[in-house]
Amino acid sequence: MNEGPYTHQASDSAYQFVKAALERGHEIFRVFFYHDGVNNGTRLMVPPQDDRNLQQAWSQLAEKHQLDLVVCIAAAQRRGVLDAGEAKRHGKDADNIAPGFRISGLGQLIEAGMVADRLVVFGD
Amino acid sequence: MPTLHTVNKSPFERSAFISALNHMRPGDALLMIEDGVVGARKASAFAALLENASQRCAIYVLAPDLAARGMAEKDLVPAAKLVDYGGFVDLVVQHARTQAWL
Amino acid sequence: MADVQAPRVDASVKKRFLCVNRKAPYGTIYALEALEVVLISAAFEQDVSLAFLDDGVFQLAKGQSTAGIGMKNFSPTYKALGDYEVRKIYVEKESLDERGLAPADLMEITYEDEAEGFAEKPLIRIVSRAELSEIMAQQDILLNF
Amino acid sequence: MNEGPYTHQASDSAYQFVKAALERGHEIFRVFFYHDGVNNGTRLMVPPQDDRNLQQAWSQLAEKHQLDLVVCIAAAQRRGVLDAGEAKRHGKDADNIAPGFRISGLGQLIEAGMVADRLVVFGD
Amino acid sequence: MPTLHTVNKSPFERSAFISALNHMRPGDALLMIEDGVVGARKASAFAALLENASQRCAIYVLAPDLAARGMAEKDLVPAAKLVDYGGFVDLVVQHARTQAWL
Amino acid sequence: MADVQAPRVDASVKKRFLCVNRKAPYGTIYALEALEVVLISAAFEQDVSLAFLDDGVFQLAKGQSTAGIGMKNFSPTYKALGDYEVRKIYVEKESLDERGLAPADLMEITYEDEAEGFAEKPLIRIVSRAELSEIMAQQDILLNF
């Protein structure tokens, strides 16, 4: 997942794809958020009430299916997506990571490529 | 095992569609998603190119994205087959790898 | 659709704004957020018009149905533009042609002409590329999306 | 300013343009951050030490030249950029707006078009 | 008063460059910035088109963006004039409006 | 350039990864963040190669100088790829031709061949479009940027 929410359809497409794969009985080893994709993982988003909330959609799907949603740490730092530990480490007074997302390294993408049978990229 | 190629951008806006066609091998499949679906319109500037590619590769269009842009199967080149998100998943399974022409 | 605010500047300023729409809807948010700009602009009593060219012409396509992609269908809002004092919507003919689209493939967008007993009149004007270039050259502000 | 920091060069280009305009003695009436551009206004970003910090660059330029940096409220809500008031209003436990940025409505863009002699758009 | 057109994307990737050329009027100016600078390369597929446009419009290329991509004036079509960010500002001032072909 | 982590999976898994680079550098971050993926992948002892096609070929252009745009010049990192066990960098000939670029316009990237007394050997291989299509078809994983 290479793009943030709302501006590009990539997050919606990836979400619909993952949901369909789960419905088909496939296992989703991991969803890796890279580049602007890390912006899907902020709990501060407040979309209009008649619009979808992409962070909540991902978080709820993760909870229901025990999905591993990984936000790339280097990409997240550049763009201001932090968990409590990261915030503390960098002297920031707030964090914004959403439930169900965890911050980890790029190696998690390579690892996913090694373990999973298929890897699909969504982006701009 | 062949490759699934996805194109998510309009060929009128970006060259990714042409790049995909140029790199597809016989037996590969092309799936047009998001704004990419508009590239499958019949009577458009890209219709002939797509019909030509369909001689050697299967052409799929994501139906929900097509409907969002006010189009239906009748608006597309005859070679285009519609799939839903489940069909997208099946295509990923049926091909060894996916090349996303972002 | 968005908060309306009272203008805080000299109300006598009236400029020509053209909102230039070049992207297909849904694949990116530019179409929707451009529309939000136009709706807001009504409160400022400026001379606001819209141009649709390149893939922007798909924004006006009839029969958009977004249930399958989980996104909101905002295309009905275009039909309300007449109520927001928009009087000029330009669609480039060459952009339609290249995409195999005809004017009949676009939504009907009308406004009520006060001067003629609120008769419904079409808002969309199909213009050539040369005409659109001329229209762009007459603007004070081009808002690019 | 229609794009977020780092992924697209738009924020860098706009920053360099504004700096050059100020050096030429021009007045910058306002910088309006729309679409993903709102993501320039988060104080949580922590880019690598050998890279530029675009939020700080904007904040410092604003302080030095009294620039009016306006983040579109609707676009910011969608993407999770909030000030303390917005956070409270929406029941969020944190905010992330950076110093020198203020959140306001889209009308500020129209107003800027009315007042300024020129309007230039930077985006993707 | 004429219009300044900016193009920030490569013509090899997007159609924005062609759209800009198609909508420029005699006396307008084109400024190529960011990835758009690669469109001014001589001997590229777009060089003839740009030389042709230069008969009726001035063509500018943002020098800092050109240098970032490993190029210099000698790599460009002869009609292209280099400007820095200050020159970009001057162009905006000298033209009545700016059309950004995003 | 980024944190190195020990692989947590079965170390005997060895897949062919191809990093497909299609965008010019600096205008977007994809080139830089793709490079970060390649550097990290070295720790996993996979068979990683890189392809440069379309505007991606500009990533390898000689003489990049970013002082004027305030961004970091990351092009020297490509020259270090040999130290990260990368042995195959493919550049598409047709993409160079369309852009008026010759192989001599690209940076020299070499690796030390252990089998031949650490002789410096070129890492870049110019391949035709057909050859690159074939190479893509031989991969397990395509990383698209």
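Which chain is which? They are A, B, C, D, E and F, in the order written, and residues in each are numbered from 1.
Please note the rule applied: contacts are C-beta pairs under 8 Å (C-beta built on N, C-alpha and C of every residue); 3 or more make two chains touch, one makes a residue touch a chain.
Note that the coordinates shown come from a computational prediction; the quantities given were computed from them, not determined experimentally.
Undergrad: Hop across touching chains from chain C and tell me the fewest hops that reach chain E.
TA: Minimal hop count between chain C and chain E: 1.
Undergrad: Listed by label, which chains are in contact with chain B and with chain D?
TA: Chains in contact with chain B as well as chain D: A, C, E, F.
Undergrad: What is the chain whose Cα centre is as far as it gets from that of chain A?
TA: It is E whose centre lies farthest from that of chain A.
Undergrad: Could you quickly compare A-F and A-B and let me know which has more C-beta contacts?
TA: Between A-B and A-F, contacts are more numerous in A-F.
Undergrad: Examine where the copies chain A and chain D touch and state whether the two sides share over half of their residue numbers (same) or under half (different).
TA: Over half shared, hence same.
Undergrad: Go ahead and note the Å separation of the Cα centroids belonging to chain B and chain F.
TA: Between these chains, centre-to-centre, one finds 28 Å.
Undergrad: Taking the mean of the CA coordinates per chain, how far is chain A from chain E in Å?
TA: About 38 Å, centre to centre.
Undergrad: Which chain B residues reach two or more other chains?
TA: As it turns out, chain B has residues touching two or more other chains at 8, 12-13, 15-16, 34-35, 64, 84, 97-98, 100, 102.
Undergrad: At least two other chains touched by the same residue of chain C: list those residues.
TA: Within chain C, the residues that touch at least two other chains are 26-29, 54, 69, 71, 140-142, 144-145.
Undergrad: Could you list the positions in chain D whose residues touch two or more of the other chains?
TA: 2, 6-7, 9, 13, 16, 35, 51, 74, 119, 121, 123-124, in rising order.
Undergrad: According to the definition of touch, which chains form touching pairs?
TA: Touching chain pairs, listed by label, are A-B, A-C, A-D, A-F, B-C, B-E, B-F, C-D, C-E, D-E, D-F, E-F.
Undergrad: Can you list the residues on chain F that touch chain D in the complex?
TA: 26-29, 69-72
Undergrad: Give every residue of chain C touching chain D within the complex, in rising order.
TA: Touch list, chain C to chain D: 2-5, 7-10, 13, 15, 17, 29-30, 33, 36-37, 40-41, 43-44, 46, 140-145.
Undergrad: So in the complex, which bits of chain E are touching chain F?
TA: Of all residues in chain E, those touching chain F are 8-10, 12-13, 34-36, 38, 41-45, 47, 63-65, 67-72, 84.
Undergrad: Provide the residue numbers of chain B that touch chain F in the complex, in ascending order.
TA: Spelled out, the residues of chain B in touch with chain F are 2-3, 15-16, 19, 22-25, 96-102.
Undergrad: Show me the residue ranges of chain C that touch chain B in the complex, using the header's touch definition.
TA: 23-28, 54-55, 58, 61-69, 71, 73, 75, 98-101, 105
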